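All chains are identified by letter, namely A, B, C and D, in their written order; residue positions are counted from 1 within each chain.
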Amino acid sequence: TPLPSPPTTPREDRHLRLNVSGMIFETWESTLNRYPNTLLGDPVRRETFYCPDRDEYFFDRHRPSFEGIFLFYQRDKKATADKPGKMEKPLSVPVDIFYAEMKFFDIDEAVIKQCLEEEWYSLEEDPYAELPTREPQRSIWLLFDYPESSLWAKIIAVFSVSMIFLSIAVFCVGTMPGFDVDPLDSAMFSNGTMLDKLDRAYEDHLFGVETACIIWFCFELAIRFYASPNKCSFMKDIMNIFDIVAIVPFFVDFFMIVGVSKLEKGSSTSVFVRVLRLFRIFRILKLSRHVKGLQVLGKALFESIGSFILLSFFLCVSMTLFGSVLYFAEPNDSNGWNSIPGTFWYIIVTMTTVGYGDVYPSSLGGKLIGGVTVVCGIMTLSMPSPAIVTNFNKAWEMSKNVIATQDKNEAPSMG
Amino acid sequence: TPLPSPPTTPREDRHLRLNVSGMIFETWESTLNRYPNTLLGDPVRRETFYCPDRDEYFFDRHRPSFEGIFLFYQRDKKATADKPGKMEKPLSVPVDIFYAEMKFFDIDEAVIKQCLEEEWYSLEEDPYAELPTREPQRSIWLLFDYPESSLWAKIIAVFSVSMIFLSIAVFCVGTMPGFDVDPLDSAMFSNGTMLDKLDRAYEDHLFGVETACIIWFCFELAIRFYASPNKCSFMKDIMNIFDIVAIVPFFVDFFMIVGVSKLEKGSSTSVFVRVLRLFRIFRILKLSRHVKGLQVLGKALFESIGSFILLSFFLCVSMTLFGSVLYFAEPNDSNGWNSIPGTFWYIIVTMTTVGYGDVYPSSLGGKLIGGVTVVCGIMTLSMPSPAIVTNFNKAWEMSKNVIATQDKNEAPSMG
Amino acid sequence: TPLPSPPTTPREDRHLRLNVSGMIFETWESTLNRYPNTLLGDPVRRETFYCPDRDEYFFDRHRPSFEGIFLFYQRDKKATADKPGKMEKPLSVPVDIFYAEMKFFDIDEAVIKQCLEEEWYSLEEDPYAELPTREPQRSIWLLFDYPESSLWAKIIAVFSVSMIFLSIAVFCVGTMPGFDVDPLDSAMFSNGTMLDKLDRAYEDHLFGVETACIIWFCFELAIRFYASPNKCSFMKDIMNIFDIVAIVPFFVDFFMIVGVSKLEKGSSTSVFVRVLRLFRIFRILKLSRHVKGLQVLGKALFESIGSFILLSFFLCVSMTLFGSVLYFAEPNDSNGWNSIPGTFWYIIVTMTTVGYGDVYPSSLGGKLIGGVTVVCGIMTLSMPSPAIVTNFNKAWEMSKNVIATQDKNEAPSMG
Amino acid sequence: TPLPSPPTTPREDRHLRLNVSGMIFETWESTLNRYPNTLLGDPVRRETFYCPDRDEYFFDRHRPSFEGIFLFYQRDKKATADKPGKMEKPLSVPVDIFYAEMKFFDIDEAVIKQCLEEEWYSLEEDPYAELPTREPQRSIWLLFDYPESSLWAKIIAVFSVSMIFLSIAVFCVGTMPGFDVDPLDSAMFSNGTMLDKLDRAYEDHLFGVETACIIWFCFELAIRFYASPNKCSFMKDIMNIFDIVAIVPFFVDFFMIVGVSKLEKGSSTSVFVRVLRLFRIFRILKLSRHVKGLQVLGKALFESIGSFILLSFFLCVSMTLFGSVLYFAEPNDSNGWNSIPGTFWYIIVTMTTVGYGDVYPSSLGGKLIGGVTVVCGIMTLSMPSPAIVTNFNKAWEMSKNVIATQDKNEAPSMG
């Protein structure tokens, strides 16, 4: 992004003098005219600020900010109004001041937005911009997706969160001794009709609560789909996909109860059911719709994938390196270190400084290598973590740093 | 907070020129006049600095600081003298210099205070501002609340801290074998009169020391309440509430000894007494009156509550997620992992890298998930901690960064 | 590096005035003329920017950047065009802007490069600069060393990485029970000819896979050596040395199989073979040719050697100090702490907070010292790690922060 | 530190104009004259830079630096040449540039030094400034205290470090089984003369090596004391005190061997000898004379004492708080938690995330409190550590950031 070189015939170009609260900026007219839609680039609009007695344009504006706005005009000779260059906030200027200046000088909206994003700021968007236009969709959508829009919406949100917690509790408690009666097993011993089987299944109380939760989840999903202003983007929303995935395992269970006559333990169907039930844990991700912190964490983790992969790769390389050295140092150990992969668990546990104590070196050489491993582990693991912390901070700041563009929006009235 | 747009008829407004040690600032007169109580905003006061031969106001003041003070006038068109805008210190200016400049230009006290607070600075307050006016309250208050005011006050403070340490020591030692004679038990076997019971209780030496401590605490609290300049704010002070809570358990014990004839082990009264005794640990919080570091820690922890909740929530979500995956990977383990809640302890111990070693995975799948858990734990736990460290630093700096407003206050003489 | 003092007869020197977009810089002509090869230092070239009506040189360039470029002329009186002074980027200027300005004012290439390096930036180098000139070397070199140059090159790169992973897997799996048949042992029991022995060795399937990997490594190394544009720098490249070291152990094994008739367990030859086999782990370093993250880690670790040595030294001193105190506090312990060196393992495990739990203090004194040890360990170990994190960040940033010097290079077409 | 208010009769004071490379500074003459020993404050010296045609003083110097130097004159009205104000480097100026500017404007040495110290810089001191003046002291002092002064001095330094390592090794090895023959015990069974006893003691080989080391240490200390230019500061130097303390235990041992006829195990004399022997570990501190890293660590630890005390205090408070809650939650545990002090070890081990696993909670309540403890521990312990890291960095930087004041000093030639 080179700056403009002087015009080939400089004396033909006009020399402009800008006085920003006493600080003087001078440039060629052609430099400003590159962006004719802005205040400075438009010869007519800037004339308002012209002081003929001094032959200069006077602006009673923030001087340090103008250093950045001036650079926007100067840099990037190839940039045009259609494809503008980059705007960078000077280091020492607060973001809100610079935003006000950019608005005053009428910089392009896209340029402003990209500039704010680099400062971990975002522009406030009208939350009620994308409401369905027709009734009753509009009212329902407000009720289910905008908890702050009315008291009823708030009640529904609280109820929805409670149902999520309840279903997670059922999921966890259902594995505890005394509660771990599999409704499938109960149903199986009934040789009767479909209804008999269901009857037996519902004698298991947890299965009843589970069904109640699922009915609510289905109802919520269905009515939100009906009310959604845009069915296509609704289907693509990751939150709604979590909703669907969290429901599926129940229905597979349900059809198994109704349809299957006998399920042998350890059979492949049984394993399939087990794994499928694990998907019920996706319900915890349903919480992210309601808890901002989880969304921020998710975003931070997503943007840190590179760091995680790097970290895992470092761990694997270290594991192989230290593991094989350790194997050759303590080969005939009673620690189960009779092979290199057998030492991997020790290396992980040591590098992360967890140190369960289920395995540890006992020979002098093994202790020496163990000591080196732990020091290397502390150092290696500390390397990519600042990047992850930064990503979290960025996501967190951006969710807070919202610049108000207009006066507070009123919640639209219902129906 | 938009900056002022040019006056509708700019040429009617007067153009002012300020020369701050050679740096020129120009603005419209109306911009400065917005704050008429300040040096610059008052046409009469600023006239002292007018140089007629150059038609400018000359100030032999710090130039970089003035960039910030000038912005205070420029920004926030809607601000008035009654509801002033925000003052922001330029990044590169030291706080004490900027404070001197703000005082010179006679900025509103409230604006200065809020500006300093953002820089983690506070203005020195007269510690002797709120003394009781009458004697002997005034002398007593100085004696008990201002250790630096006299030698006797210092002695009382040291004695008070010693009594706190003594009572904590009694509390801890009283649970050790050989010292754990419950005065209630001693008293109970005496079927005699109230005095007999007390006599038996006091044969337990620790109960005697305990009583001595409590007498001092009560005396101190009572006399400080008597001397306090404002009874209402005294009752609301969190430190005094700690004092009261730390005393209560003793009196319950005392009345039990005197009144109750028999206390069955495991009965609900016994449990109540046990829990109540736990409140004696509040004595340690009495220390915070005397130790500045504890106050800073308390303030930092209080301001970090959001981060703590977030962290706990992350931990809970991770616990459920990893716990359920682990349960399905190692269900029939001898680790007591026969349910999802049973794995929670393992997940916590692993994510915080404590790793007691009481439970650890033994299957390949379990080890894999354990490894992922610990890496995720290190990353997740490191995310909100910078915020907590920042809060601590802020609280710590503010307790040190005190700008002196006047010459050192003399300790008021007593009586 | 002192700044220039005024010329002995100042009035004889010419006073130059530079106007950089309205910011005025003044200096003596001799100050600029110190670097006659630059735009400002050459009286002829700078004349293009002269405005006779104002008697100044006008540049429509970035003002804050010029503050840095101006300092380059001012400082270091002894510097000459041949031995130029140091260029430093002003804190608040983005690197790419400053680079453009340095290019505009035609600063020496070496000065630019050294300035960018301090900002953790590097100039883009033409990756195809050092291709062999003759065919078929040129095509082969592109094929093996430039994965992005063609589809076939990409396939070869993927295949090469796969072979590395395969050989590492064979190395690790070959130590697991059931797979740990030593091809040497197999061969030994065959008393037949060389071919018989080899035949027996190849009945061990892993040895076959190993041989296949080695054949590929040898082929790759040989053909790359044949095609390399500079044999000498090829031999000195650390990556190629890794390649050679990773191959050697196989051939020793191979010649042992063919030549040795009997290898006694525990003999010195057997130990030599064992240690040599460990060198096969160098194959993992072959990955660094293909994975940028490993190169960055390697560079960071290399530059952190000082910090590592410091850290190790601190650990050793702490180990001796705390170890001896602990020995005198708990001398007759059943922990194996019957000597000072015997406590070293405990001290390391404690200071790094691993805490396997194989040894721990049991007396009161030992616990007290253990507590102090762990707090000191946390503090001591946290001291040099910021330096290591910084080194990693620097290496990482430099591998990303590449300033484009020309338009994108096209991959040269193949012969 | 308020800035100067305008002179009471401003128009009588002279208005000075300083042109620093084109940047204009204006001030009252009285502001500059406050420091008459500096270049700017002396009316005669500054006249050299006066340009009569423009009525200004022109300096071809660094502009951003002058902003800081100008502030030095402006601030602190009460400062005088004898008691000068504070000089602060502007944030964005490199230290070496600012140092050159301060020297040019002839600022007071003490002001420069204090300014550099705040930037973690120190001025190079002539290492050979304090040599003894007479021979042979001068030669000996160079030989023993300036390893870089000659080859023989280097050899002596290496030998001295080797002797330290040897004596530490003897100290550690001497506690290992097989080597732990107490020379006192050997000597005691000899009922013969003093020489017989010594003879027996020297049959223990380690005692011989020990004696050799001590002889060297004594010789070194004695000859250095003889050669030292200032006996008083020699005695006060902490390094020499370490030397003496490291020698004392041997002589006590020696006199015990010679004088004591019988030493009963477990007697108070025996305990005294044991504790005294522990002081031999001070030898490791003798290393700090030769290893710069240890000095830096020592300085950093010394300056972090406040943070350490704070941290220990936090740990103690947390220990008492969590320990007592834990005691009431799990009172009848088999963990040895039958008292509050009994839980302290668990709390420390948990808060520091060491987690040996010798004790861990088993009840639900205990696990809950354990989880809270570890999270609080991670947070609490992370709070003061940035201060310690900063102290270490500061000490480390100051040992490296040395500004050269003159050309490289030659090592003085020997006698």
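Quick note on the criterion: contacts are C-beta pairs under 8 Å (C-beta built on N, C-alpha and C of every residue); 3 or more make two chains touch, one makes a residue touch a chain.
Computed from a predicted model, the values in this text were never measured in an experiment.
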item: Angular offset of chain B relative to chain D [C-alpha, multiple of 5 degrees]; value: 90
item: Same or different contact residues where chain C meets its copy chain A, judged by the half mark; value: different
item: Chain whose average C-alpha position is farthest from chain A's own; value: D
item: Chain A and chain C, separation of their C-alpha mean positions in angstrom; value: 33
item: Distance between the centres, which are taken as Cα means, of chain D and chain A, whole angstrom; value: 46
item: Centre distance in Å when chain B and chain C are each reduced to the mean of their C-alpha atoms; value: 46
item: For chain A, residues contacting two or more additional chains; value: 23, 91-92, 353-357
item: Graph class of chain-chain contacts, one of line, ring, star, complete, other; value: complete
item: Interfacial residue positions of chain B with respect to chain A in the complex; value: 1-6, 10, 15, 17-18, 23-28, 31, 67, 70-71, 74-75, 88, 90-92, 310, 313-314, 317, 320-321, 323-325, 327-328, 338-342, 350, 353-357, 360, 367, 370-371, 374-375, 378-380, 382-384, 386
item: Chain B partner contacts - residues on chain C that touch it in the complex; value: 353, 355-357
item: Residue ranges of chain D touching chain C (in the complex, touch as defined); value: 19, 21-23, 48-49, 58-64, 91-92, 94, 96-97, 100-101, 103-104, 168, 171-173, 175-177, 180, 274-275, 277-278, 281, 284, 287, 291, 293-294, 297, 300, 304, 308, 311-312, 315, 345, 348-349, 352-358, 381, 385, 388-389, 392-393
